[in-house]
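Shared chain: chain A. Partners: chain B in the first complex, chain C in the second.
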Partner chain A sequence: MHITDNPKDKISTVQAIVFISSLTVGAAIITLPRSAARSVNTPDVWASILFGGLIAIIPSIILVKLSQRFPGKTCFQFNRIITGKFLGWILSFLMIAYYTLLAGFEGRMMVELVRVYLLPRTPIEVALMAFLWAGTYLTVSGINPIARAFEFYFPIVIFIFFSVLFLGLQRFELDNLRPLFGQGFKPVLRGIMTTFLTYAGFETMMILTAFMKEPWKAVKVVVIGIGISIAFYVSLSVVVVGVLTVEEIKTLAWPTIALVNSIEYPGGFVENFQVFFLIVWIFAIYTTFVSSHYIACLGLGQISNKAFNSFVYALIPIIYIVALAPQNLEEVFQLGDYIGYFGVFMGGIVPVILLFIAIIRREGCAEKQGEK
Partner chain B sequence: MRKNKVRSKVTILVGLLITLAVFLSGCWDRREIEELSMVAGLAIDCEENTSTPYKEGSISNKEEQMEFDKEKQLQIIVTQQYIVPKAVSGGEKGGTSQKSPYANVSVDGNSIYEIMQKFENINSRTPNYEHLRVIIISDKAARYFNLYKLLNAILRHPETPRNIDMLVSERKACSILDIAPRSEDIPAFKLMMLVRKTKSKSGTPSVSTLGDMSKAMAAGKSFVIQRVGFRQDIGSEYDTVKISDSNYNNLANINKTSGMNFIYDSGTKGLASGMGDIIEAVGAAVIKGQTYNMTGWLNRSETDALNWITGKVEEGSVEFKESKSSETIVYDVDRVKTKIKPEILEGKISFTVDMKMEGTLVEDWLMTADAFKEEFIKDMEMNAEKEVRRILEKTLEKLQKELKTDVAGFGKQLSIKYPRYWNDIKDNWEEIFSDVPINLDLKVYIRDFGRQGSKK
Partner chain C sequence: MQFLSDFHSYLNGLEKNQVKIFASTNRYYFFPSEHNKNTGKRGIIVFKRQKQRRELQDKGNTSKNASKNTSENVSKNADKNTSKITGNIDEDIKTIKAALCCSPDLVIRRLKPADSSDDTVVAYAVMYIEGLADRKVIENNVIKPLLKELSQEAKSSSDKAYTTRTSITEKIKNTIASVSNLNETDNFDECINEVLTGNTIFLTSKSKSALVFNTPGWKTRNPEEPISEPSVRGSRDGFVETLQENIVRIRRRVRDPGFAIKKLKVGRRTKTDVAVVYISNIANKDLVEEVVHRIEQINIDEMISAGTLEQFIEDNFLSLFPQIQYTERPDRVVAALMEGRTAIILDNTPFVLIVPATLPMFIQSPEDYYDRWIYSSVIRVLRYLVVLFSLFLPSVYIAYISFHQGLIPTKLAIFIASTREGVPLPSLIEALLMETTLEILREAGIRLPKTIGQAVGIVGGLVIGEAAVRAGIVSPVSVVVVALTAIASFSVPQYAIGIPIRLFRFVLMITAGILGLYGVMLAFIMITVHIVRLKSFGVNYMSPFVPYRPGDWKDFIFRLPVMMMKKRPEILKTEDQWRQGNSGKG
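Here is the complex of A and B:
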């Protein structure tokens, strides 16, 4: 049972880091400030986001440890070894369902924003189709091209994202972030559950570790990868709250776009920064979409012992249906929350149980993986 | 065999191209720029609804009259100023085209969106709000309507930018949009430039945009918006504008054709066009946070004082009489550093406004003035300080006692220093604020006196 037919399907450590942060930085760029502000309700939104991310590192290290026991095997393969064929099949199926839902959700979010800000009259079905095909084009070629494409996009995303935030600073007011922990830490803790969900995506390490050239560096990968997305989300929340205030964020459907909207470049030769930001955001969504689509296909391939390529097209209709299932924006956001919980379950709880069973049943090689 | 394979590949390719062509040719969101009408400004007025269920004369007693007054709702009138592109770009000056570069349309309705829809029926081009620059609300509308409700459609609209300048007009808002400026093409652009160049201008609050309003209103905070109005001294003997009183009245009543939609082109109607510089942007309208409507005006010096307290605009000038000779001295503010320090002692809130002001002595009518002497500067500093203190005290008194609004952000500072205490009182903060003692810790420095120090 080898994972791939092609020994070239190995990714470097940097690629793995980029993969993880591209996956965790997705649709939430646009909505996280609001959902966090609604649950925190004080200007300490950033703290919730920071702690949520730090907490997300703990289960991700656990699941890396788990997958390191089974070198070269993805979770679709090793859960069978740990729990037996039947349970393993169910777990794999849940994983696949999770990634399919995630892909559908990301597609829908992309389309929703495009509908509001770019193409108001284009039927969302058409925009969605175009997006799905563009994603499929990359997905079908496998992990290596995907990782390389991400590596290429990522610096662009970082550059535009942070320059937009930097431009936002001119309307930044420190008083909007104060009082610091004015209502104590309770609101911060209350927000952590919401913000933790945003980091869902780290469970991908259960699959990614198998593809790494240097799997013993997987812990480093996941810590840096999540660290980058923490940096993204925390700086975003600081700027958005500093510019717009918590009270207003709670009222806005797309708080981040509102931030971009209020940027004024002195001299005014560029008036509409929205366009730049939407490009970045579509990149971010695209990467999340492609990776979840790919992993869902990979899972299907591995449980049926076929090449993943054969499932790429088969999944498209399902993703399409998932994406169009929510009837309105509220339902889209709700779907996002459910997917978040699902992700936390798959990435936070299941690996702990699996690792526990694996240790008891002495499955996999617990021997020193790191030193080679 | 091989040929077949090639042929089938070609067939697939052609098939793909045809399918692509189907998708590429139809672009749903094609918006030809020459089919759009760029809206540069909106003016929101209100008037009595003429179509009330009661008929005139049917009201017999006082109670019914009161009932009628309650039922009688004000209707919204929105005036849209759109750009007439050909007249703007013009190119060759002195050409035959005397077409006005802008046109105004007024429409009434009960909701803003309804009115926006009506514009679509009137205009040959689709109105586009991406380049909207100013929204003027008449003081009558600002006092009557809950602004958060009134602006809801505009805040929701995906096209409206957040940096639209918000203005409150004395008298009708639509007539402000109707004064053809002499220095710019489009009245709305002139207004924007007028408001935006806050540098070295006194009597204007810090730029208040739609985004700022949205922020303040979401938090339920009171705030100020820039006032625009007709100059008070209009029609005087030396006024370059030279319009008679009747014309001025006409101007203010220009949109009296109530109850129906009408279109006019200010270029041809001519009454207001070419009138030039008769609008001033000075002072501010105070919007109360809890009710979201306007409660009063601040004049030039009160606006300056408010700016100094918030520290957002470090501008303004102070004119005062020298104590002995009562000659006029003018002090121009360059820098203001302000700290609002809240304090709670034995359950009683008090504030200290710690203000350090630096500025220039720009004008004096005192023949004996000698700015090269230390004691003269010291003396002037004291005089200026007295006047600044008087203005600040007057303004705070007005904000606390008369308007009962905390537009200067005292509450924010209190919430930063005493967040838990703030939680208990925030709902009736403005009531509490009106009785809170505020101490002024003021220091005024003269750092400069320009090119001439003395007259002899």
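Here is the complex of A and C:
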């Protein structure tokens, strides 16, 4: 009967779900409709996003199975066991690089939006530093406060996000979503590659499973977690396409914000719902940033056998440089795409190989552990 | 009680040879150095659960052993003869008097049979401290019957039977003194301590033990309606300054035999009584143990207010947020005890501490449970809004005015612009200036007598506000904003939570002045991260919201019907979870 809630560095199942969906719902809520519309080119964007998400569940289950073979170990620790020290080190290093890039990208997206919509005259360096500071404060606290903070923001994000979408329904035209599969499934399949990238972040389960109090529920966690972000993205794409049409979305840099700006209730006091949406994307990007920053630090800590805290500040300059590396918005989006491919490689391909090797070499315990 | 003897020996030693004592003052801490290690700096308790270690050593024993060690040290230094009652009544009285620095409020009444010149005749002495002990009880129940007895004795001319030591004390105990609570002691340390708590010492010549009559009887304040927490439908009595009466106030409301009290003493010199009260078959054992442990670790001279005690035992002393709730209302304490919390009552203060405290607790009021649930729920939602309002309103105003004019609805923007015409100050400075003025007015109002305080309010609110607007220093809109904020912050039900809100309001205003809404958001994020990191006695500060405890959400933002709250709060991990039905199921 300990009064303390969780043992140190263990998170509950709900916290893990919130963690995964907070991580996968990131900057993409701003950009996804555009990138998906460009690749799909028909009003079936939502279907593409839905299938992309469903497909993302498959590799995530694989990597959960992989990490369940090594209870209490993160992928930084178990890939060494599977592939040997040298290869393991390279894999870990790639992982760390991936999360560092992701953190930098999220930071850049943040300040880009801030520059466009809030502080046009403030140098982005200042905005970025403030953001990194706020992020670092949470990152150094460790996994438990991070999980709790995500739990804190999650309902706020859900509430505001879906109420803004609901308000957006005012100009919703079902015709904009028609014809349904007018050009067959080919455009949908074409878009899946892009939309699949959006769900990059599920590979975090390779780390998160080690922190779970009930690791045998990890499959459930990843399915529900990705399910929630599918709900986010699909409903967003339905509303955005329904209000703005595919043709218009393709030309916009920030279609989601355009949608929010289009909401207008004459006579209502609040004319500008953008402010409310601002809360959503700050939280969404913040959570993604913090979790990737944390995991990068954790990886560095685990490959060097030190506490992760010692790397939190050391990574900040690198993230800062990554964030400011792209010269313009186009390059930022390109970086995002590269990170997406990187993520697919780390989360979709590597775990399959690792699991294969692990089964052949009989590393880790194959039987289901913990089911009492 | 052992450690009290240390103190006395200390006093004695002080008189006898001061140099020696002062040279080794550090020996006279009541808690051994082993305990002090956990205490980080003075007064800062670094909370590290070392349960395993503590399980090994029974806690009670440790502290006893510890003080024994210390007392051994003491007795080596101090004069051994002084620690026991000699039986020579003049000597004994002198020793006690000396120990109390010959204080004039120490009343000594000597009783002797008529022929006092005879050395074999027994002499008696009654000692108590004026005002602390109930004089009437002593006079009527001790002195009067004894005098009667003595005069009879004198008449029957020296019945020498009483000179045998045992029979004298026995006789007084059994036939003369009509006091219900009575003890016997043979050492001075205890005597001194008893006198100082308001009891009466009864010395008998030729006897090596003293009788202690329990006669505390000082004047206490009558219970009044708590000034800091008035209520419409709640009970009208509040706590007073006496520990025992406060305990009675709780006991009268809880007739549960499981109502447990752990008495401790805090303060090397003041020896203030502290009672940790809880319902033994509800409260989590871990929690009670932790509370007692933290109080035991306090090592300080004096403990005067519950506020000081609070600072010694809270989890994070750097935080602005109150991590322990204090209240003057017995009904609130009882409700908390029944939820499975623990209350700490300090003598001499009407404020009772409740642990663990979580943030939502500070936004609730006991009356939420007295009113019907729909109304209570609405009021609670209103209070949460009020908290957000008083925290964010000025900063959002600054952000809009100085950065995001485009986001203000057009009509309103034009209106604000027209009122701000000619105002020389930027909105940040304007708002800061007015908020500071408001804080000054508030501070002036609190410390002044009520009648003057009202005058301050009028001068401040009306005259300055009106004059400032007329003079064109500030815009009327910002006066409205600041006034609204002030009113909002007054409607937060508890003073303690108003403090972080007020301070963070200033932080938010400054970040709004630098980075606009983005700054406000980042500052909000940092505040929430801080809250989420905080714990109060192992319980997350934001629970039941974070981590999610859906079972406890019945009593969080909404207050659902009491019939639905069948269980105690999950976060407290109580021994007996059921409030309604199923009792005893655990």
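Assume the second predicted complex is superposed on the first by the 363 of 372 C-alpha atoms of A that agree within 3 Å, B and C clash if a C-alpha of one lies under 4 Å from a C-alpha of the other, contacts with A are read in each partner's own complex, and residues count from 1 in each chain.
Keep in mind that, in the parts below, a contact is a pair of C-beta atoms (placed from the backbone, for glycine too) under 8 Å apart; a residue touches a chain by one contact, two chains touch by 3 or more.
Note that the structure is a prediction, hence the values are computed from the model and not measured.
Peer 1: For A:122, using the defined touch cut-off, is the partner it touches chain B, chain C, both, or neither? Pick first, second, both or neither.
Peer 2: A:122 sits against chain B and chain C alike.
Peer 1: Just checking: does A:183 make contact with chain B only, chain C only, both, or neither of them? Give me first, second, both or neither.
Peer 2: first
Peer 1: For A:175, decide between first (touching chain B), second (touching chain C), both and neither.
Peer 2: A:175 contacts chain B only, not chain C.
Peer 1: Which partner does A:330 reach: the first (chain B), the second (chain C), both, or neither?
Peer 2: neither
Peer 1: Look at the residues of chain A and decide whether chain B or chain C touches more of them.
Peer 2: In the superposed model, C touches more residues of chain A.
Peer 1: According to the stated criteria, A:244 is in contact with first (chain B), second (chain C), both, or neither; which is it?
Peer 2: In the superposed model, A:244 contacts chain B only, not chain C.
Peer 1: In the overlay, answer first, second, both or neither for which of chain B and chain C A:149 touches.
Peer 2: Once the two structures are laid over each other on A, A:149 reaches chain C alone.
Peer 1: Does chain B (first) or chain C (second) touch A:264, or do both, or does neither?
Peer 2: It touches chain B, and chain C stays clear.
Peer 1: Taking the stated contact definition, name every residue in chain A that is touched by chain B in one complex and by chain C in the other, in rising order.
Peer 2: The overlap between the chain B and chain C interfaces on chain A comprises residues 118-119, 122, 126, 130, 272.
Peer 1: Contact residues on chain B for chain A in the complex?
Peer 2: Going through chain B, the ones touching chain A are 23, 28-29, 130, 158, 161-163, 209, 211, 214-215, 218-220, 409, 412, 415-417, 419-420, 422-423.
Peer 1: Residue numbers of chain C touching chain A in their complex, please.
Peer 2: Checking each residue of chain C against chain A gives 49, 284-287, 290, 356, 403-404, 407-410, 412, 515-519, 521-522, 525-526, 528-529, 531-533, 535, 537-540, 542-543, 545-548, 571-573, 575.
Peer 1: Hey, which residues of chain A end up touching chain C in the complex?
Peer 2: Touching chain C from chain A are residues 1-6, 12, 14-15, 114, 118-119, 122, 126-127, 130-131, 133-134, 137-138, 141, 145, 147-149, 151-153, 269-272, 274-275, 278-279, 282-283, 286.
Peer 1: Using the touch definition up top, name the residues of chain A that touch chain B in the complex.
Peer 2: Within the complex, chain A contacts chain B at residues 116-123, 126, 130, 175, 178-179, 182-183, 244-245, 247-248, 250-251, 258, 261-262, 264, 272.
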